[in-house]
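Written out below as structure tokens is the structure these notes cover.
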Amino acid sequence: MEQPLFDVQPSVLSGETSDIYFLRARDILQAEGLDPVVAMEVFPSRAGLLCGMRETMALLEKALPHGSEVWALSEGDRMQRKEVVLRIRAPYQSFGIYETAIIGVLAHCSGWATAAAECTEAAGGIPIVSFGARHAHPAVVGVMDYSAVVGGCQSCSSVIGARLAGVSPSGTMPHALILVMGDTAGATLAFDRHMPPDIPRVSLVDTFRDEAEESLIVARALEGRLSGVRLDTPAERGRVTAELVKEVRARLDLEGFKDVKVFVSGGIDPERIRYFIGNEAPVDGFGVGSHISGARPIDFTADLHEVEGRPIAKRGRVPGITPNPRLRRVL
Amino acid sequence: MEQPLFDVQPSVLSGETSDIYFLRARDILQAEGLDPVVAMEVFPSRAGLLCGMRETMALLEKALPHGSEVWALSEGDRMQRKEVVLRIRAPYQSFGIYETAIIGVLAHCSGWATAAAECTEAAGGIPIVSFGARHAHPAVVGVMDYSAVVGGCQSCSSVIGARLAGVSPSGTMPHALILVMGDTAGATLAFDRHMPPDIPRVSLVDTFRDEAEESLIVARALEGRLSGVRLDTPAERGRVTAELVKEVRARLDLEGFKDVKVFVSGGIDPERIRYFIGNEAPVDGFGVGSHISGARPIDFTADLHEVEGRPIAKRGRVPGITPNPRLRRVL
Amino acid sequence: MEQPLFDVQPSVLSGETSDIYFLRARDILQAEGLDPVVAMEVFPSRAGLLCGMRETMALLEKALPHGSEVWALSEGDRMQRKEVVLRIRAPYQSFGIYETAIIGVLAHCSGWATAAAECTEAAGGIPIVSFGARHAHPAVVGVMDYSAVVGGCQSCSSVIGARLAGVSPSGTMPHALILVMGDTAGATLAFDRHMPPDIPRVSLVDTFRDEAEESLIVARALEGRLSGVRLDTPAERGRVTAELVKEVRARLDLEGFKDVKVFVSGGIDPERIRYFIGNEAPVDGFGVGSHISGARPIDFTADLHEVEGRPIAKRGRVPGITPNPRLRRVL
Amino acid sequence: MEQPLFDVQPSVLSGETSDIYFLRARDILQAEGLDPVVAMEVFPSRAGLLCGMRETMALLEKALPHGSEVWALSEGDRMQRKEVVLRIRAPYQSFGIYETAIIGVLAHCSGWATAAAECTEAAGGIPIVSFGARHAHPAVVGVMDYSAVVGGCQSCSSVIGARLAGVSPSGTMPHALILVMGDTAGATLAFDRHMPPDIPRVSLVDTFRDEAEESLIVARALEGRLSGVRLDTPAERGRVTAELVKEVRARLDLEGFKDVKVFVSGGIDPERIRYFIGNEAPVDGFGVGSHISGARPIDFTADLHEVEGRPIAKRGRVPGITPNPRLRRVL
Amino acid sequence: MEQPLFDVQPSVLSGETSDIYFLRARDILQAEGLDPVVAMEVFPSRAGLLCGMRETMALLEKALPHGSEVWALSEGDRMQRKEVVLRIRAPYQSFGIYETAIIGVLAHCSGWATAAAECTEAAGGIPIVSFGARHAHPAVVGVMDYSAVVGGCQSCSSVIGARLAGVSPSGTMPHALILVMGDTAGATLAFDRHMPPDIPRVSLVDTFRDEAEESLIVARALEGRLSGVRLDTPAERGRVTAELVKEVRARLDLEGFKDVKVFVSGGIDPERIRYFIGNEAPVDGFGVGSHISGARPIDFTADLHEVEGRPIAKRGRVPGITPNPRLRRVL
Amino acid sequence: MEQPLFDVQPSVLSGETSDIYFLRARDILQAEGLDPVVAMEVFPSRAGLLCGMRETMALLEKALPHGSEVWALSEGDRMQRKEVVLRIRAPYQSFGIYETAIIGVLAHCSGWATAAAECTEAAGGIPIVSFGARHAHPAVVGVMDYSAVVGGCQSCSSVIGARLAGVSPSGTMPHALILVMGDTAGATLAFDRHMPPDIPRVSLVDTFRDEAEESLIVARALEGRLSGVRLDTPAERGRVTAELVKEVRARLDLEGFKDVKVFVSGGIDPERIRYFIGNEAPVDGFGVGSHISGARPIDFTADLHEVEGRPIAKRGRVPGITPNPRLRRVL
């Protein structure tokens, strides 16, 4: 994954996405002629995987004057509860209005990356693809899928997310294609006819028939070109079970389709992943949706700890810089 | 709240934010020369407040050809689990690639609006302001705060959200202002000097001193011009308690400051709101942050139920249109 | 249900099925020349439906000498915890060795009948058929199914139980028939060819294909002669869900098979029955297996309360007859 | 324990105890002229001790034609959940109607044996006697007590069970004997007068007096011939406690009756056994009733996996023979 | 119950039982020449029955100078959590050192009285006697039993408590008397010989024999003079059960001893009382020990709310007098 | 801690604090001319720290005639549940009436000492001071604080308890002093002016201002003479938190007050102590109140086990002396 390019939106730069009281504070300080150099420290409310730091840096590089200092952990680093992950030392007016945006970016991205990491840790090497684009507002689909890849996902389903993360987007076929074409094998053959050869042929086998039956029908129809099947059994049919995976695997093997992979999606989360692995279901890959895309953001807090070199802090905090040898100077 | 204007982002229109398999399905159907009129239905996975419908309509108005039909519930309507809230009847290729975006918008916005409604219901008439901008990615701060207002919030802290929702943004003063100026009363007097007269003077009274002590100091300093105080006691000092609110109220009243309101923020959620109300704490307004901004999206599902007039459905669904007399034709 | 004929087994009459210490006690009392008239009372350890009384009476009629008294509740009566349901006043030696058999019959039969009643109460009028023969030793299959009918079941699957209970045995078709014939529709047509016309044509639709798909295939094949389908989805496929029942019903109705009934079996118990009813699944009948056949027996206790007219009792009991106006003299 | 002789009941051989649909399936297949060789496999729904295999074999020996194969685990073997414990390869019509009886025998007997094994494991070498005859229908008392001995019980109370299991039946004296004779010491002396010398003199000491007091009275009366006392304190007197056992032991020892054993009965189950052992109560033997006799049967399932040599299986199962190296050919 | 006389101990008056910092505060204020009139308010940390007020008043009457005011609730009044139960307005030096003693008396006495009230409420009219003297330090046995009577007990076992509370002490006979005399009936006859006729003859019937057996032996021996029996079965014998009470009652009635009462002691608390009443055990009286004597004291807090007429309060309290219309002026 | 002198109260010696039935038993035995030598054993109902033995011995030394024996564990010894901690062999009449007082002293004192030991164990070396005098009746404040020191407390707040335990009483300053003087720094300076130099200057810093702010004000005012600050934040302000302790420590250190200690009080119990230590709060000492003073007494039981050399016991106990090699002869 190469270095992504994060553009700073004009609405962020202008302060429109900020809490209004930061804009008012800026106006008051300007009127009073106050612009001290301050040190602000940022820490999370719970442990997790830090994400959003590259996007944050893109903003700070635009905002901070020459001579400012930024110390930080890196994108994808583990962070402890209340650990300082970012320290900015600069004139307050240059970045005060961006407090909202900075900790907002970190909150959402770290939440997604941490949830993805929970899945990849549970999966112990079995690939995970982020399928959550459909459960997130399109304005954040890109950063959501980017964060999922930072958290360990092999790929993601959205085009924009894959581009940000520097991976190839991944997908099989939607139920809609099969319903419009009226037949799973027919739809898979059409996919095979029209798609470039490097795109794996993975058929979705729960639309019309029992999954095990349909897997065999499709595998026979593709005559060796089938890459895999995806099981996505709805809750109305009892969801995918470990036994179903084993049976589909066994029936494919019995007919000689040992190379056809079995992918599982639908309500997958770390607990479900552990269920499949604990029951020795031979899953070749998981698609994870709302566990990642709907992950709760990790709240961050930003505090001033120095004003013009003097240690200071609000009640409940310790005045002065909080030592953290893990921080590296990045600006 | 007047009709907001939702622009459709180019990356949405181009399909970049879509799951890639919808783009592939479109290419396959084009190659096969198939573009039947289909009926797609959309329903939520749990009950809540429907939000995002205006933004969805802006997209559909651009995408659908003349002669298409759209039936829907309205922005802000209550919806039941699995209730059909949107039905589109149109040529599949005209909107198939937007399935990701449509249910993504509804998922995130309905999640935020529903969480806001939980707070406003708990508060029983005491105003709520959305303070969650700092815990959300700036790309969705606007729609998040808009959704919070749809869910019953009186106002919100972000400029962009307030504009979308047609309300005035709301805020008091940040800790940073007080720390930079070194004194709460001084900061509040500066606020009073420089801000337009229609902006309420609300002081944040937990930065340096005990809240009750600071409230009286600020109230005396502003000589009648103080609108309110905001209590935001950090967890390190035991958070805001019902007894603290009562005591601040009593001490203000004892000195004649009966018009100074008491606002509460910091970790507020419906349970905490009920705690304050159940203990008869005289709160004049709540600021709610991550309960709204970090609300879990409400997953939506989109299913084809008709292809060229024929009832059809995947396994687990009933073929044909699902009757719902609450739907009204909107296109 | 007419009066069943319960034969007393020779091994019961001879005392072989008794606890050996009753036989020894009889020998000792004979040697001592003691045979007082005693009153023995029998009560259950928990509330339930009394069953086994007819079989008990068949034994007592054989055992007791002229002049004995028996007071009892009736077969199928509700009984309270510790309520006296049977009182025998007779010479001790005439029936002492049958204590084991009497309370054993009542324990097992009342356990089965009570479990059946739990199901029929949960089902609120939807017929229940006892399918538990396969989970019980064949030596008690008859009394088990008889007890199930006493507890409210409409019918049962075993021939012997149906005969004892005076009902027609009930069944659909086993998976084995379908597997041997290789096709569900074919097996159902064979059933239709060879079975007398008064036996309902009910097809088991989960052997090879998805249940909804198979239901339609069979219904079409039988051209109006299909009585019903039975859903018995195994746990490996997520068991039968309320949504599956609704969908099968809807798909049958859509094709005009409104008279084809939908029966459900597989792990059914009162909780599952309430789940289907609570979710408004249109079930036409339930098959209940091990909830009835594996029901825990209701332990009964037999105590002497009088010896030659004198009130007596062991520690922990009150000497003398326990009044119970519900008892009627039956011998 | 020598090889028991299990007679096959005529009602089992005739199919009367079978589910009626197996009889109908047989009639249909006969009418169609179908009698393929099939392989049926049987597995339990939970782990436990396999029992009932001897009785099952008695039936199969009568039913199967020459050339059939039976592979099985042995009576008393540990079995895992879903482990194949029995495989029959034979013409379907020769044994299809016995599916009900085969898995019914295994279910009930394995349930009893497994419950007995739970007790003997908890008791760690302290003998257990099955006292459950009074809580089971007399038609299964024999196989129940037989299964208890397979599960590790030293003996049982029923004559028929002891004969099946090849052990001597065991018992002390019933409350009824003591109540009829009016005195515990008197009843024990009568027992001593009239019973053969090889039957241990064990007195039941809770009928009229405190157990510790009565134990000493009886021990003194029997002048050295007392083998043991049985404590069976009813719930109305707080059941037997560990402290009671210790005190009776201590008082017997103080008067020199160190050889008189202390047996405990009444609501004994593995948890109670662990309670006594954990509290170091010197118990010499336990009588266990309804924990064994009322044990829930272990449901078994029988599936066809081959028809005329072709692997086959219903949905949810894997076609073809399930490998299990523990199976041995027994026919 | 007439007005008790509470002496103030010299060690209390001298301040020896006080927290030393009150003595130091007095010395400092004397050295500074400060002795303002203050108002002190006292409130409990949880709801309950107020007790100890008479003893508190005895101290205040000695301590306070003429012109002081005391407002209070009455001995035995119900009090709410945080309700002001006592307000003293007097020169601080006159009573400051007694804060420890005042709230200590109220804490312990209110704890005992509240626990007693829990029992008498549960008993619904059945008399309760406080038997807790043996579980409390003898220095507080008198006030403990006094408080129990304030809480609704009919009597108590200690001589000193009964005198303080103005009732007759109550007791039956100790196990020691019976063990020394070697026989329960003999001990009861000796009691009958030597005790004045107005003392009820209540025999303790669990020392040597089963309670039901011993009750009848004693009742017969006393030939009509037996007032009652006390059941005190130890945990080693399963404690007193509701069934035991019923059986003893029934056996006494069967022999004509309808006037002999049945008392129950041993681990009695409100839950056990409700158990006996809920199971309709005919108990004529309960002896309650450590539930009352070991009751957790109810912590009280004393706060200054006025100094020389000025409202004042520490953080966390509201300055000025707390209105409570239930308070009456008592000094 | 030197040997304390425990006076025996006249009301104890006279038997006034005894259960009346012991006095009656004495009268009956005198009338019958019975005064056998008996052995009485005393054991606790739960494990803990034995306390009250010195006071018990003071009573026994007065009561027992020459030739009596007393065997016992020592003050402060650990004891097991049901372990014999005291055995008296003496003529019954010499001490029978003191059973109430003996086990009452042990119950209360062992309860307090055990609760104190729970705190000192949790604190792992951080000093604990008993602050519970205000929650206990003044008649037992002395023995309560004595027991707390036996349980490991470094000191206590009451003068009388400290004298009994042979330690110096400990205390800081009450809120009342600060409220009367109107200012924390002023009160602390007055304390410093008037108290002897060996009494540590510890200021209570939560009366008027935020604790961190007030700590610095007082530390500056005392110019190096401040020994420590006590944090006692009320529940209305969220109680003392680990973060508050850390912050006060950090702010004191930042201004050079590294020698000023931080003490914590207010609702402290073992769980709270573990919370502070587990969160690495630098606490220099804890004040513990009602966890010690309100500790539930440990019930003791006294049983006769020998009468004139004969082993004897009531039902539920084993006759004769209970061996315990830990007992030593103390009289």
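Order of writing sets the chain letters: A, B, C, D, E and F. Residues in each chain are counted from 1.
Note that contacts are C-beta pairs under 8 Å (C-beta built on N, C-alpha and C of every residue); 3 or more make two chains touch, one makes a residue touch a chain.
Computed from a prediction, not measured in an experiment: that's the story for all the values here.
**Student:** Going by the touch criterion stated earlier, list every chain that contacts subunit C and also contacts subunit D.
**Tutor:** Under the touch definition, subunit C and subunit D have A, E as mutual neighbours.
**Student:** So which chain is farthest from subunit B, going by the mean of the CA atoms in each chain?
**Tutor:** D
**Student:** Measuring centre to centre, with centres taken as mean CA positions, what chain is farthest from subunit A?
**Tutor:** Max centre-to-centre separation from subunit A belongs to E.
**Student:** Over half shared numbers or under half: where do the identical copies subunit B and subunit E land at their interface, same or different?
**Tutor:** different
**Student:** Take the average of all CA coordinates in subunit A, do the same for subunit B, and state the distance between these two points in whole angstrom.
**Tutor:** 22
**Student:** As a quick test, compute the distance in whole Å between the mean CA positions of subunit B and subunit D.
**Tutor:** Roughly 65 Å separates the two chain centres.
**Student:** In angstrom, rounded to a whole number, how far apart do the mean CA points of subunit C and subunit E lie?
**Tutor:** Roughly 58 Å separates the two chain centres.
**Student:** Could you list the positions in subunit F whose residues touch two or more of the other chains?
**Tutor:** In subunit F, residues 208-210, 213, 233, 235-237, 243-244, 247, 315-317 touch at least two other chains, as defined above.
**Student:** Each pair of chains that touch: what are they?
**Tutor:** Every pair of chains meeting the touch criterion: A-B, A-C, A-D, A-F, B-C, B-E, B-F, C-D, C-E, D-E, D-F, E-F.
**Student:** Using the touch definition from the top, list the residues of subunit C that touch subunit B in their complex.
**Tutor:** Touch list, subunit C to subunit B: 210, 212-213, 243-244, 246-247, 250-251, 254.
**Student:** Which part of subunit A faces subunit B closely enough to touch in the complex?
**Tutor:** It comes out as residues 9, 11-12, 15-25, 27-29, 31-32, 34, 36, 38, 40, 52, 92, 96, 99-101, 103-105, 107-109, 111, 131, 133-143, 157-160, 162-163, 169-182, 187, 190-191, 193-195, 199, 206-209, 233-237, 289-290, 293-294, 296-297, 299-300, 303-304, 307, 312-317.
**Student:** Sort out for me which residues of subunit D touch subunit A in the complex.
**Tutor:** 311, 315-320
**Student:** State the interface residues of subunit B toward subunit F in the complex, per the touch definition above.
**Tutor:** 208-210, 213, 233, 235-239, 241, 243-244, 247
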